[in-house]
Amino acid sequence: MNNESKPQSTTAAPRKVPRSKDNDYAPGAATARRDFVQAQTGVTLEHVGRYSFDPAVLPGNIENFTGVAQVPIGIAGPVRINGEHAQGDFYVPMATTEGTLVASYNRGMRLLSESGGVKTTVVESFMQRSPVFKFDDALQAREFGHWVTANFEGIKAAAETTTRVGKLSHIGQYAIGPLRYLRFNYSTGDAAGQNMVGKATLAACQWIQLNHPDHPNFLLSGNIDTDKKHSQINTLLTRGKRVVAEVVLKDEILKRIMGVTGRDLFQARQISQAGAFMAGSANNGAHSANGITALFIATGQDVANVAESHAAVTYAQLLDNGDYYWSITLTSLIVATYGGGTGLATQRECLEMLGCYGQGKANKFAEICAATVLAGETSLSSAVLHGDWVSSHDQLGRNRP
Amino acid sequence: MNNESKPQSTTAAPRKVPRSKDNDYAPGAATARRDFVQAQTGVTLEHVGRYSFDPAVLPGNIENFTGVAQVPIGIAGPVRINGEHAQGDFYVPMATTEGTLVASYNRGMRLLSESGGVKTTVVESFMQRSPVFKFDDALQAREFGHWVTANFEGIKAAAETTTRVGKLSHIGQYAIGPLRYLRFNYSTGDAAGQNMVGKATLAACQWIQLNHPDHPNFLLSGNIDTDKKHSQINTLLTRGKRVVAEVVLKDEILKRIMGVTGRDLFQARQISQAGAFMAGSANNGAHSANGITALFIATGQDVANVAESHAAVTYAQLLDNGDYYWSITLTSLIVATYGGGTGLATQRECLEMLGCYGQGKANKFAEICAATVLAGETSLSSAVLHGDWVSSHDQLGRNRP
Amino acid sequence: MNNESKPQSTTAAPRKVPRSKDNDYAPGAATARRDFVQAQTGVTLEHVGRYSFDPAVLPGNIENFTGVAQVPIGIAGPVRINGEHAQGDFYVPMATTEGTLVASYNRGMRLLSESGGVKTTVVESFMQRSPVFKFDDALQAREFGHWVTANFEGIKAAAETTTRVGKLSHIGQYAIGPLRYLRFNYSTGDAAGQNMVGKATLAACQWIQLNHPDHPNFLLSGNIDTDKKHSQINTLLTRGKRVVAEVVLKDEILKRIMGVTGRDLFQARQISQAGAFMAGSANNGAHSANGITALFIATGQDVANVAESHAAVTYAQLLDNGDYYWSITLTSLIVATYGGGTGLATQRECLEMLGCYGQGKANKFAEICAATVLAGETSLSSAVLHGDWVSSHDQLGRNRP
Amino acid sequence: MNNESKPQSTTAAPRKVPRSKDNDYAPGAATARRDFVQAQTGVTLEHVGRYSFDPAVLPGNIENFTGVAQVPIGIAGPVRINGEHAQGDFYVPMATTEGTLVASYNRGMRLLSESGGVKTTVVESFMQRSPVFKFDDALQAREFGHWVTANFEGIKAAAETTTRVGKLSHIGQYAIGPLRYLRFNYSTGDAAGQNMVGKATLAACQWIQLNHPDHPNFLLSGNIDTDKKHSQINTLLTRGKRVVAEVVLKDEILKRIMGVTGRDLFQARQISQAGAFMAGSANNGAHSANGITALFIATGQDVANVAESHAAVTYAQLLDNGDYYWSITLTSLIVATYGGGTGLATQRECLEMLGCYGQGKANKFAEICAATVLAGETSLSSAVLHGDWVSSHDQLGRNRP
């Protein structure tokens, strides 16, 4: 049948997606929706319907559950990591449909490992919600700002009534006209924490509204938390975790594995840095998003946070002895090892194979993310320099058209 | 067993991930790797190993295939779209693990549909590769730029020898010091085209190097294509597709479905716009990345392109009759309906249910993406304003900690 | 004579600009340099040599003093200001060579005054110097950051040994790889304070180097103070003074003076905001730099700080009663009423006519700057909308070519 | 008398600044205004009234002329320039009140000259006006864009009816929602050209409105010309002139004059580049605004254009022989040698001493600006590295407070 014509048939009112009042997460509910899709569009969701877990686990993760996307996972590694939290050799599950990607990261991991491993450090960790309070004029808004500073303990107590885990660290203040944007910074344990800090900040704002003599109006987001968006404020002030991966590369190993020298990489870096600066890029490195996304899909992260998480600053130096020092700083990596999608079937297995499932593992997982990203940076940058970038995609990617 | 201790055991040299020389995409190869992971880490990849397709289809999509991530899909919609390419009522598959997301987009789709539908338009479409040529000084580089302009036809012919589909449209030129960055802009049919344009541009650069009297050196990327990275150059000059979704909302419907008025939305928009501008955000709207990511995972897009694709500019007006005009322009949406992961089992089914699989469908799919994003914008912005943002997450998201 | 040929005559070694060992600020020293210029280039500095003050006052302001630029000053105003520090009707001296500028600001000032005056508020005030400390790895750098926090009082004391006026308020910390950028924020009284904070921060860094167990190396600027440069960090975190000017405009007055309505201005604002966001602009308003520059030249400010000072965020609302609320927030206005060029002959007179010369006047002067900027915003925005922008330049500007 | 109290006395309606109906540019008109200021504020504009030219030349440059700002000029140089247009040794007039500035640029000029001179190249030159056309929806706006492309010759002819000098080169198009922003790019001869292109673009827009079947409405600026504002679009696409200055520095000369090595400068450059990238800076160099502003004031440029003109990209390499290659690219330098303030008394003399007054000189002047900027970059960067930055300000700047 012609599945093209179906959606256009708008003569009758379109039907709502069926939901089960009794238990919308029973297997039958998903089946009913697949049948509905077939009836509406003529398409049989044969493979979408093939999942290996009980949908009863899904409340809190999805509505109108209908089946699954099966995203191929390849294993890259091992990568040797000498972190604070991640220590040892790791095999990294990467979920992607882009040919070459796993092979390229794998090559980078070999380089890092043979160079003695990658050093990783989580240097800062905060999740934000940024309400905005409205006043009659800038003077009132400024005085409100002082009041917030003076009443921090009360605000903090109000926020923390809503969560066992989240702790309010500090509140940034940003003035525009009669508005006062507040950027609440929380530690959120091993959860990414966006919902946690939203709930806590709402409680805090309600406390402020009640206790401040003007009882000011607010919006729970003034859009400077920049949720699901890259921003310069994230690059500067961190969102989620700020993580550094560092390595010192010997020319001998670089030449053997990558076919390039540190000197040439460093010269090329000057060019790519100038390009990134001119372009107004979120990242003066190569392709952090590739590694982050593949890890995020595999491990049940909120993949939309790639928007924020791919921001990065590369800093490198050619050392006096000719070695190449290479670091990448992910300024706004948002990860969780608890809550969200981390407990689902395949996602949990992938976290477990990294030793990263559950409480107390978020920093370790962040370090693995950063190490993975650095592996990909070394591989792609070398390929661009060496000229095998296109040929490897020709070989491993389909390049069909 | 303690899966923590395994990765740290680095006394012996770590073992390489096993590969099959005969056929690394035979089912046994994946099984061998899962067994290897179990041996190395103690973790059984029970669910990861449960996929419903023949891995023989995977060359060109992944290396070291080991299994799949099963990402839950919910169906949102229908959303009525009055586009050039997408016309009718669409049920949208969204792959996510974030509670509330599908429900929120669903609510927005209802609003758009009851308002007569969303108008969608692809206004521009180009994929880029940006090599950089190096000279002794800025004067040489400038003269080279003139040569490139004068020799466009030869360059175009050389590029297009490598592809049946890709057509070189124009080359932007950007001068820094002795460097000339060239930004090659191609149309790429229904493929996203990053590999296609990489290959074509390599051929073009080799042609330039051969034919230009100085035989200048080049890097295939000077980092202003900003592949897998947000950048202002994308926002300005488009990467992938530039797509607009527009709707006119009546107060009656807004109030009924969202509990807010156009006037209040517009007032809040002034605040969120000022915030986004101050924060240096990639998007002055709400959360385009959520809808884009869920659609991308479901339909086999290169999900790492969320980095570029989430950039957006919202433009709204309160009309004289009180109606609320709302548009969002996605400036760098990278999508495909052909090639990459689009042909895989679940991914193809999801494209098919949208009537978007295969050739001639990329613009239609881009329009559906934009409509979906606008639905999410209306729902989240209303929730922030109305105050039910947190409560809905409490109800539909787990908010565990 | 052909003044073209002279500079090209490079056969002989060029001669150094003459300096007087005895007193390079005696009138004769300047005369000698003017004679030298004439001998070297054939150009008589007739007017440059016509100044009305004793060059003996110039040490600390200029080297190789040769004469003056005579920049025309026009008086705009009065503008009624209802600030914290500036209260009353002010006549504003503007030094410029751009026709229409004074007339346009004058028109805006009339609008603001007839609307009851402009409200002005200094909401924040800090000057920065941003050294960077270098370590072996990110972990060391992070630990150093904690040490800085723990030793703030010692650092502050060391910094403040160098200045009676400057007070260290807080130190921002920004991590990249093995680097720790510190952003020292000082209050600097009525001086702009760049030199003051440079000296204080050097003392602080030397104290840190001495007292920290690693005795780490540092650069006195890591380029995030963004001295003489616009930056997003300034927009977010303030450099110099953050000042707001606000006004509520009645339609009757707007129509009479500007020929436009608040509704039309607000509609146009949506368009100019979207444009500024897409363009990656430092200012989503119209032309703050014009007013700031003219005031800066007239009053002896460091005019190069226009680079930072022109950054601004406009926030406006159409009120329910149809009035138009308009604010502009200058996020990094760098001004002084003491030190620098403020005490020179014409510069001091211009500060005095504003009641802004000397100590205790910097906030007042900042408020006058903001009020002036807002006047210019209303005038130019109205002209663009009303269509008399070009015609007024035709009449008042020369538009010669 | 207490000049504080005067402005606050707002009991009576403030008096308007007096204007002469007969001839507001007669000397008496300025005297009347100075008397008025004295009467209103108690301040005698003694020095402001001391100018050496006939105010009859001022129409087109200023309104309400009252006197002048006398800004001290110091001579730096000579700097040897090996440009296309500027060739030879130049003495550079710098108008500033910031101690150390002239001395620092002078030192940099000596370095450049002893290194064989600075190479300068104008690589692009366009002035912009960016109207925006409004439509019912994005589709209409897109079709309008095609119409504009198809009707370029008619638009160009209409624009060029208004100017002998300005030539329309090309029109960039930028789509947001139902809007089409057009960025008209003109060559403007030796004028900066903002008014010229405003007038030409108005004529073009009126022609479009008349000839396009929809007769669409437009605003003459949609705020992406970013007049008097830094923006990323300027950095990418040039505003005014894009000029490069380049030099190769020998270690011997660097050490002798600056006390630093190329290797150390290059290492520090990695740090300052990372800082500038993180900060979202308009310039990854040091302090272009200082040199540009001082030259602009001296030579009658529109000094407010420092906002745009200070944007810059530094690109450097440590060469294999240890020499240090250093370039700076000013991406949006707006200069004139004709029109505006260039013909005024002291301003013309300063242009003449550079051999840059009048027609055919704008490129030469732009090259001198770039050379001056590079001189300042070398001096300040070395001072920061060498540690004499603060001490030199102590010696040459007053550092009073």
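Residue numbering begins at 1 within each chain, and the chains themselves are lettered A, B, C and D in the order written.
By definition in this document, contacts are C-beta pairs under 8 Å (C-beta built on N, C-alpha and C of every residue); 3 or more make two chains touch, one makes a residue touch a chain.
Source: prediction; values computed, not measured.
Participant: Between chain A and chain C, how many steps is the shortest route if every step has to go to a touching chain?
Facilitator: 1
Participant: Quick check: more C-beta contact pairs in C-D or B-C?
Facilitator: By the number of C-beta pairs in contact, the winner is C-D.
Participant: Would you kindly tell me how far, in whole Å, the mean C-alpha position of chain C lies from that of chain B?
Facilitator: 41
Participant: Where the CA atoms of chain C average out and where those of chain D average out, how many Å apart are those spots?
Facilitator: 15
Participant: When you check chain A against every other chain, which residues touch at least two of them?
Facilitator: Within chain A, the residues that touch at least two other chains are 174, 176-177, 179, 232-233, 236, 271, 273-274, 276, 278-280, 284, 313, 315.
Participant: Touching chain B in the complex: which residues of chain C?
Facilitator: Where chain C meets chain B, its residues are 232, 235-236, 267, 270-271, 273-274, 276-280, 284, 313-318, 331.
Participant: Residue numbers of chain B touching chain D in their complex, please.
Facilitator: Where chain B meets chain D, its residues are 84, 119, 121, 123-124, 137-139, 141-142, 145, 174-179, 232-233, 236-237, 242, 244, 246, 280, 313, 315, 327-329.
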